[in-house]
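Before we start, here is the structure in question, set down as structure tokens.
Per-chain residue numbering starts at 1, and chain names A, B, C and D are given in the order in which the chains are listed.
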Amino acid sequence: MAGSTFGKLFRVTTWGESHGKGIGVVVDGCPAGLPLCEEDIQIFLDRRKPGQSKFTTPRKESDTVEILSGVFEGKTTGTPISMVVWNENQKSKDYSEIASYYRPGHADYPFDEKYGFRDYRGGGRSSGRETIGRVAAGAIAIKLLKQMGISFLTYSESIGPVKISKEHFDVAEIQNNKLYMPDAVAAAKASAYLEKLLEEKNSSGGIIYCEVNGLPVGLGEPVFDKIDANLAKAMFSIGSVKGFEIGDGFGVATATGLENNDSFVMAGASRKPIKTSNHSGGTLGGMTDGAPLTMRVAIKPTPSIAAPQHTVNKSGEDINIEIHGRHDPIIVPRAVVVVETMAAITVLDALLENMSSRIDRIVEFYK
Amino acid sequence: MAGSTFGKLFRVTTWGESHGKGIGVVVDGCPAGLPLCEEDIQIFLDRRKPGQSKFTTPRKESDTVEILSGVFEGKTTGTPISMVVWNENQKSKDYSEIASYYRPGHADYPFDEKYGFRDYRGGGRSSGRETIGRVAAGAIAIKLLKQMGISFLTYSESIGPVKISKEHFDVAEIQNNKLYMPDAVAAAKASAYLEKLLEEKNSSGGIIYCEVNGLPVGLGEPVFDKIDANLAKAMFSIGSVKGFEIGDGFGVATATGLENNDSFVMAGASRKPIKTSNHSGGTLGGMTDGAPLTMRVAIKPTPSIAAPQHTVNKSGEDINIEIHGRHDPIIVPRAVVVVETMAAITVLDALLENMSSRIDRIVEFYK
Amino acid sequence: MAGSTFGKLFRVTTWGESHGKGIGVVVDGCPAGLPLCEEDIQIFLDRRKPGQSKFTTPRKESDTVEILSGVFEGKTTGTPISMVVWNENQKSKDYSEIASYYRPGHADYPFDEKYGFRDYRGGGRSSGRETIGRVAAGAIAIKLLKQMGISFLTYSESIGPVKISKEHFDVAEIQNNKLYMPDAVAAAKASAYLEKLLEEKNSSGGIIYCEVNGLPVGLGEPVFDKIDANLAKAMFSIGSVKGFEIGDGFGVATATGLENNDSFVMAGASRKPIKTSNHSGGTLGGMTDGAPLTMRVAIKPTPSIAAPQHTVNKSGEDINIEIHGRHDPIIVPRAVVVVETMAAITVLDALLENMSSRIDRIVEFYK
Amino acid sequence: MAGSTFGKLFRVTTWGESHGKGIGVVVDGCPAGLPLCEEDIQIFLDRRKPGQSKFTTPRKESDTVEILSGVFEGKTTGTPISMVVWNENQKSKDYSEIASYYRPGHADYPFDEKYGFRDYRGGGRSSGRETIGRVAAGAIAIKLLKQMGISFLTYSESIGPVKISKEHFDVAEIQNNKLYMPDAVAAAKASAYLEKLLEEKNSSGGIIYCEVNGLPVGLGEPVFDKIDANLAKAMFSIGSVKGFEIGDGFGVATATGLENNDSFVMAGASRKPIKTSNHSGGTLGGMTDGAPLTMRVAIKPTPSIAAPQHTVNKSGEDINIEIHGRHDPIIVPRAVVVVETMAAITVLDALLENMSSRIDRIVEFYK
């Protein structure tokens, strides 16, 4: 299980399991001089912590972050920033049953095949709690990017069949409802939908929208390290993600070139080329094009459901199971901040790599 | 423009521009002992070469591959395999006009911002011709994977509004029509649609489907290097890709857990767990789950169109342009083999990395 | 300060500073199924901890390791192994003086230039305490390699002008003296030498020898990732290392080909080629050749000395200083285990990568 | 044989074998805007090409470089620079004998074990000709670094027992003799020594000195990616290197702290701290310290010698051999430019990575 590190210059390494001692992250390559304290991180972690509503697991965790290294006199030093959230509620219940069979929609079977056995307590390494490390790292990235005027807008675009509407769209509403939807009407409908699913011991999927504003033109490396490609990897590295789109996404399949191409015009006081539309989602040839980066992420329904399901056990018997325990009927709202922070980590990394693209700028830098 | 390398153990580095001397690739980390000759590569390159139909650019290129290193006595030696396709038709016409403005839907503007200037002949480094290197590298991966019973099925699923149907689905048909659609009826309709677009100096997008069969369980590294994540990056690294799905993809957003979970049953002579459905697309927790890997890729319409468009030039003037030259009204059919080979490169890399997952297997290996 | 990660498949990321909360490491890519507990790690950490003799800093630290993740039911799970040693004695004395000037032989000046400021408490990130993470990671590598019959022999070969002799060479003696010399006579002389230096408020350098036995033939990748090259990087990444040799090292400069070439003969029951001498130090063309890997590492004298020295302060004044505090007059004995564990990490990584060198072995592996 | 790539941001991938079609390199990540033509590369290749004197192989090769991509209108574009030198003299003589046994001092045996067979024509991938790719890549790095006032001084310090003296030291002399020694008297003695060895069908080792001047302070990443560590890897990745030193190297082992520490003083019009000595070789804590980077590399005697040697063949028989063919009795003079270019590649990579060390500089850069 190498593969716990993401990024090239701003490097994020997560560790920890659902029911181990804690969940942590090491951020290597964070530039020196950024003011940073635990509260900067905590506000992001609070957006994903459990127990925020009836639609999130009742597992009791304060998810309080502790910075262990890399910050001195209130500023990042350029050395690795190690952060940890101690698991408070990891007391293992009896897991002997869950250890014996393969839950549908979970990684139990591949884990056993790949490693010979698995940590069967909760989701183990594949638990959603692993994302704590990503959110903590991304909180730093977002704070850093903010200094350059780069900002993020992320929300639940749909939950099950309930989509937000242009009519009721209101950014301020995102923080008002526990589903992180920018539409109070849709949020209410989605709540009703989720309540029904809870009764049915079932769960729901949904879509998250993320937008990055204020980016310089030219971030991303053509060919394999396109900013789109790195964002796609970032998003698909989040458990439960099954689809990803940039700009018009799958809509381009039925569009024509005339419809899909964004025209340039000269604009603003600075007389820079800007696009009159943004079908491309802010990227051309794998590089940012001056328009907002826009993307959509499809999240599958929580696989842990209490309704009866068929599966097999490790003895090779076909069995019927019901999974009890603390599970979210919907992951989408808590995943909003995960999507946002993964986008931030990816964008920051591209921004750092881009600094070495031109000899004239390098010579100027070292003067 | 670092970022021309893909893969960790099976490493692919491409080079070359549309109108430079040639297009090439270096494959480092190919295991030794694989029988390999140029014909093995050529059959894949022939699937993407221009001039196959009226829907592909009439640019005349034989796209003949030459192996420059890494093969001895008909077998790979374990050393880097360098391959090149010399550009035959790179005689530059007058590019002074195209050099002066930013084509909508192209990377011209980001290139100029990032690098200070650009190779304006054809698509430069962002040309579709760059994929020659990927296809050559992936041809090796596919040949190697075949020795382990792993195979690929890839085709055009839709072109513009024309989708293949279950009714007329026929794998054998894929090679029969130049659109690589497994449905003769759909292919005929798509041809008519494309002819209309050609007349209108317009272009079309579409969707490519890819399936990988015969994979061992457990390939892919949980967390950031999930096989899904690496496939997502692989696909989004192909120019013009705007959307990617694994399994049910965006369909999961409206599904419930009960609908989306795949049940396991014990099956076959080997009495192994297998899934009774494949909503997951062959991956659980970022690892292969024994079912076929299934994915869909959305391709945007060719941005180079002859119809009039608005844009700006480098002098900061708003202008109207018409792009002439040799352009495909649809990229999808030629991109089918690119999607397949990128999938193969990704899968092979995961297969090699997976060898070090268990101490018992390592000890056995070195006995 | 990216650059806190070492290794490709067995990946080691360290974090922490001399006077921060603790020192830690994340090991990603450790194969699953290795029995592991804290005692396995502690015995290695005890070889480098302070306070073992009058020649090591009297800083009081138990250096007790805690495993935070990656081990379940006594075995490694294949997930990241996070380990920490909490700093017990990090109470900061008054560092205002040391913060104001640049200590000769230390990284103070480059740190200030590179990052704009520095953590001036003790050595900060450049403290020898950073090696705790390496030793903890390497302890795992050594345990794993032991299962394949691979073992290490590492000791102090010289301290200042005092060298071990063939005459008194005794492996058992290494653990008997606090200088980790395999020669009681030399150890006594070295002790006397160090006592004299202590009185003079001075310090000493020395040489560490390391040997790896039982390696399969062919580990290491030709060209840039030669096993020699990766070992050289591993050793030079240890603070205070100024020289590295494989086999005869600098001795080859004055040798002839006839003297330096190692002849092969057929030997043993297995009738395998073996070398009759080992000038090469166990590597040919960057790959292991069946003979023991042998290497020597030169360590500079501790730069922190109490004798008066000249330097400059941050205000740009020339000043004279005396550095007080808890410093080792010699680093060599405590660095012995650091050299050994870094060698182990490097060798294990090569062993894992080597598994994908041959198609026949890969096919066999996946059968 | 992954491992044919070196560097993180300035990435060099070499390919090719001694007797294949050619030797090549792809440089990815070269900043855009550097004026570059083939002559810039050729002058470096000419320093390593064969046939310069009676002490180099008479193999006839013009080693003419061709740039295949990445340069447009005389400047680097930021895209991969592919370069090739076609092998002219690769006509294979009868290699059946050499194919049958394991040459002492060569990689034949590990190659066979690792890959199952080997390209036995000449050195195959382990040939000194592989360094053509490094030299071509490094020529670009040196040209780029020159724009920032960074320069290199590299020469043969000793050949066999013959060392250069301070008395006759003359930089201008380096280009005057074919041994690249900065001392005409030593060069004459070394020539006589080599002539004697030629008669005896024997060969010699030696030492190369390299110095880098004009570096900014702070290049290199503390911990694993110290500039010393990356240089050590760079040098040990060159075939035949058996020892490496920075600054005083192994001399530090017998020095005391008082002797080895370099004092700082304020100096020059700029009133910057500078060191009054340079025992450290220009690096403190893995970062450049403002003094010249100084290093020494030990090169083993050419293993291919015509004198009789004992070895084994692939049938497991003990045999005596004499190796005939075109071999250098000394590698050192031709390796001088290889050492210099590998140092340049390493330094440039550190210089690019260092740009992201401080938030204030990043914010300034993107203003």
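Everything below uses one rule, namely that a residue touches a chain if its C-beta (ideal position, glycine included) is under 8 Å from a C-beta of that chain, and two chains touch if they have at least 3 such contacts.
Quantities reported herein were computed from a predicted structural model and do not represent experimental measurements.
A.B. asks: Using each chain's Cα centroid, which is most distant from the centroid of chain C?
C.D. replies: Centre of mass proxy via C-alpha means gives B as farthest from chain C.
A.B. asks: Counting C-beta pairs in contact, which chain pair has more, A-D or A-B?
C.D. replies: Most C-beta pairs in contact, of the two: A-B.
A.B. asks: Please compute the C-alpha centroid of chain A, do the same for chain D, then give the distance between them in whole Å.
C.D. replies: Here the centre of chain D sits 44 Å away from the centre of chain A.
A.B. asks: How many angstrom between the C-alpha centroids of chain C and chain A?
C.D. replies: Once rounded, the distance between the two centres reads 38 Å.
A.B. asks: Just give me the whole-number Å value for how far the CA centre of chain A lies from that of chain B.
C.D. replies: Here the centre of chain B sits 26 Å away from the centre of chain A.
A.B. asks: Of all the residues in chain A, which ones touch at least 2 other chains?
C.D. replies: Residues 1-5, 9, 14, 29, 32-33, 78-79, 114-116, 125, 216, 222, 353, 357-358, 360.
A.B. asks: Name, in rising order, each residue of chain D that touches chain B in their complex.
C.D. replies: Contact set of chain D toward chain B: 1-5, 9-11, 13-17, 20-22, 24, 26, 28-29, 32-33, 68-70, 72-73, 75, 77-82, 84, 114-119, 121, 124-125.
A.B. asks: With touch defined as at the start, can you tell me which chain B residues reach chain A in the complex?
C.D. replies: Of all residues in chain B, those touching chain A are 1-6, 14, 102, 104-111, 113-116, 125-126, 130, 158, 160-161, 197, 202-207, 216-218, 220-226, 228-237, 239, 241-266, 271, 273, 276, 280-281, 284-290, 298-305, 307, 309-312, 316-318, 353-354, 357-358, 360.
A.B. asks: Inside the complex, what are the residues of chain A that reach chain D?
C.D. replies: My answer: residues 8-9, 29, 31-34, 76, 78-79, 144, 147-148, 216, 222, 351-353, 355-363, 365-366.
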